[in-house]
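Take this structure first; my questions come after.
Letters A, B, C and D name the chains as they come in the text, with residue numbers starting at 1 for each one.
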Amino acid sequence: MTDFVTPQEMAERIPSGCKLGLAPDDYAAAPGLVRMLIDRGIRDLHVVCAPIGGMQVDMLIGAGAVATLETSAVSLGEAGGAPCFSRAVRDGSIRLRDATCPAVFAGLTASEKGVPFMPIRGIIGSDVLKKRDDWKVTSNPFDDAEKIVVVSAIRPDIALFHAPEADRFGNVRLGRRRETMLLAHASKQAFVTVERISETSLLEDEKMAAGVLPAIYVGAVAELKNGAWPTGLYAEYPRDGQEVEKYARAARSPEGFQAYIRDSRSAA
Amino acid sequence: MSEACTSRELMIYTISRLLRGVRHVAVGQSSPMPAAGAMLLRALNERDGLERVQVSILGSVKHNSFTGGAEELFDCAAQGRLDAFFLGGGQIDGQGNVNLVGTGDYPNNPVRWPGSFGSAYLYFLVPRVILFREEHSLRSLVERVDFVSAPGVSDETVYRRGGPHALLTNAALFSFDREAGRFRLESTHPGYGWRDIRGTTGFAYDNEQCEISTPLPDEATLALMRSRIREELRECYPQFAGNMPGPG
Amino acid sequence: MTDFVTPQEMAERIPSGCKLGLAPDDYAAAPGLVRMLIDRGIRDLHVVCAPIGGMQVDMLIGAGAVATLETSAVSLGEAGGAPCFSRAVRDGSIRLRDATCPAVFAGLTASEKGVPFMPIRGIIGSDVLKKRDDWKVTSNPFDDAEKIVVVSAIRPDIALFHAPEADRFGNVRLGRRRETMLLAHASKQAFVTVERISETSLLEDEKMAAGVLPAIYVGAVAELKNGAWPTGLYAEYPRDGQEVEKYARAARSPEGFQAYIRDSRSAA
Amino acid sequence: MSEACTSRELMIYTISRLLRGVRHVAVGQSSPMPAAGAMLLRALNERDGLERVQVSILGSVKHNSFTGGAEELFDCAAQGRLDAFFLGGGQIDGQGNVNLVGTGDYPNNPVRWPGSFGSAYLYFLVPRVILFREEHSLRSLVERVDFVSAPGVSDETVYRRGGPHALLTNAALFSFDREAGRFRLESTHPGYGWRDIRGTTGFAYDNEQCEISTPLPDEATLALMRSRIREELRECYPQFAGNMPGPG
């Protein structure tokens, strides 16, 4: 069921035009593989940030790979705003679907549960709601006096993220970061880069199993050491703040962004 | 005699005061001062034998009481298990509306900020939301936000048990009256008078001629910030912690 | 936040008339504590089985402690039907709210997510639906041609279950059985009996943390060795099939049930 | 020469045939024969170098591909990741309706069974639902069930991609035509003729005068059941496994 591939093969399997679900920086972001998508010239992605984006999303936008961006935020954290994102917003080169974090989770939960929509409290009165034709205000069916928002299911074609470990059977250890589990459940299939591959099943240890994504959701696994660099990997290694700062400075101009990508390509 | 209390330290201390009585406070991404204020309340309560405060810092491995990922924060808020949270805002207006999206017209805002994060949800469900915006200016505190990420008040057809509790800047502290939908000036920080606040605040508010000065932390509290809190912050905010006063 | 109490104290803290959420036999059922509830004469419970009941529920019914029973099934597994349950159904002594497993999960998920209802596919055409005034058929707000069921949120006052381990801070290790996690999230508070108490935090080990229920949900913990007996505890010990058979035989008559309870009381 | 194939072994083998081609089959509580049939298909495919079959047995620690608790089974079905499942039923009728609740009038049924479990959901969402009921009698296979736990067919206003695929008893095998909403007799087990089936089936069905006999497993398959499958069953169904033919 799960294919074991090289990172390059994994990048080749992610087609232009697909709906791609991505994890936040410093949890399970996969900038290592995203760099390969950029290098191979991927285009027209519908990127779903679950629920926010960072450097890997900014790079995809800078490279012209993103047609639609569905996100609750894009930020480089302590390194400040996301320069390519801000530029693309200004010049209108991406279609924006601004969201709020729990509404992204609600949309993914709808897909996880196989229902076409999920109700969610709050949001009414926010301009975010006004811009979303896939969200609606309805009444609580058990109390007509309450207005409540419903959001459509979000079903990415591929969830792409980086994790500490997979086993030879395709099971992937995520740990307590359940948002990646939710993203994988909600997506048609998950592609996962990992730090290392275990020869023994990760499901055998009962204490560990609760944090393991079963192979039935995992389409492909590729070993890619430091695949989260320069962002961090939750509970494994911190972000390389200097490198992200370097990126933030470079990407202030389109030329600087291109130079950063060109210069760092050879390192890959 | 230690270095005088900095502006940031005063804000951290003020946050800890605004949180008094909460049992569970969560702090979002990229929020070093709210994180520090929550940690300070926890440390003070421990020192003074008061109720234990649960601090959940998104992005922390050590200060994290969740085991279900980021959605657990939102679920917890919806279940009523979260007493306080913080929101910033590129713009905040006099009705408590916050704008985290950008200035000018959406979608092609000339100045774009990261985005609304969880604001459009948590503002409705967390009883005590503290608005925190260091910059106190006509640019940040406006008559009407250009984009409502999250509204300050709602009508009775909308389920709402949360909302703005206070607004803290580097110059002053406001409370918020949810019935009236208006801020009230509670105190000005050292170095600022009520006229300064009036001149740099873009919206109308009550108690304009407030003469109260925001209380400073005592020496012991300041020492706690410069030792334990600074160390606790280092995990998620190494740069911020490095810039705080303290030994070494 | 979490109180550490004796099993007897825990039993005293569960009031008659409350809405009590219980786990299935052999996963996280707490018949040890349930026996103490019976011994102290608890009454008028609204029992929510998450999502099915077994021996502990049959005992509560036999003892006359249950006013309302919300469940997808009650069964003793290989030991056959649940005798007190069948008797109570026939004589009408309990108010029945028959459900189907995923609808119980959907109702609990609604409480977990803090929404008043959840949509769920299927169910339409089932007589289960006809008997539930807290479920409704509505239209999919994004496709009027589709009818879909919505179920009300289920929010137990107390979730009571047995787990392998808690730590001194009130965190409880559940392992991969997420239905107990869901039940705890959905309930106002969880009361948990455990096999053992760890002096070190269960959250410190990143590999284990995903299966740990954080203390913020846990109102009380009591150490009760073999608290799942005679049912099993998932991944710890199997059910005592002979004892369950013995119960099944005894409980065929009200007198036999009373004798079983009386005779086994002294063992507690 | 080994002991002849028992009735239960024939049913287990037939289940494995009904599952051919599935990638993921789940088996509910208290279902030893469906579990055995799924395990047999997995073992046969392994032996023959065919596609790997994922078997998820609720209640098993070893044969369990879920890490999210029982709700993951239902979520998986809703996501389209589950190809086959089994339903029993105190009563099954000619339209494929199943009754797991009881006979007579609800709620005070004179005979009450455990309850509907996940039937009212999985019957809609799992493509290949195999109805399995050992007892073949006018009591179990009825014209119209007393209580519909789960309906066999639905109209076009209801989302439905799953439903009855076959009905297996200790006497015969039926297929189900979803368009017509009717069963069709496919074969009778050794010892039963079509007249026996007609006389013990309470509903109308197609191909009444079926002369085909349900195929028996070959020696190698029977040996596999009596060794590996019997051992795999022992974890969840020790009594059932103990009663199966086999060494020791």
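Here is the rule we go by: a contact is a pair of C-beta atoms (placed from the backbone, for glycine too) under 8 Å apart; a residue touches a chain by one contact, two chains touch by 3 or more.
As the structure is a computational prediction, the values presented were derived from the model and not from experiment.
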Least hop count linking chain B to chain D through chains in contact:
2
Length of the line joining the C-alpha centres of chain C and chain D, rounded to whole Å
28
Based only on mean CA positions, could you tell me how far chain A sits from chain C in angstrom?
36
Geometric centre distance via CA averages, chain D-chain A, whole Å:
40
Find every residue in chain A that makes contact with two or more other chains and list them.
109, 113-115, 120-121, 146, 148, 176, 178, 181, 206, 209-212, 235
At which residue positions does chain D touch at least two other chains?
61, 66-68, 78, 125
All touching chain pairs, where touch follows the definition stated at the start
A-B, A-C, A-D, B-C, C-D
Show me the residue ranges of chain D that touch chain C in the complex, using the header's touch definition.
29-30, 59, 61, 66-72, 74, 78, 100-102, 106-125, 147-151, 154, 156-160, 237-240
Quick one: in the complex, what on chain A touches chain B?
24, 26, 51-52, 71-75, 77-78, 81-82, 85-86, 89-92, 96, 98-103, 105, 109, 120-129, 131, 145-148, 176-182, 234-235, 241
Touching residues of chain A toward chain C in the complex: what are they?
106, 109, 113-121, 134, 136, 138, 140-143, 146, 148, 150, 152, 173-176, 178, 205-212, 235
So in the complex, the part of chain B that touches chain C is made up of which residues?
23-24, 52, 54, 61, 64-68, 75-81, 125
Using the touch rule from the top, collect the residues of chain A that touch chain D in their complex.
1, 111-115, 181, 185, 203, 206, 209-217
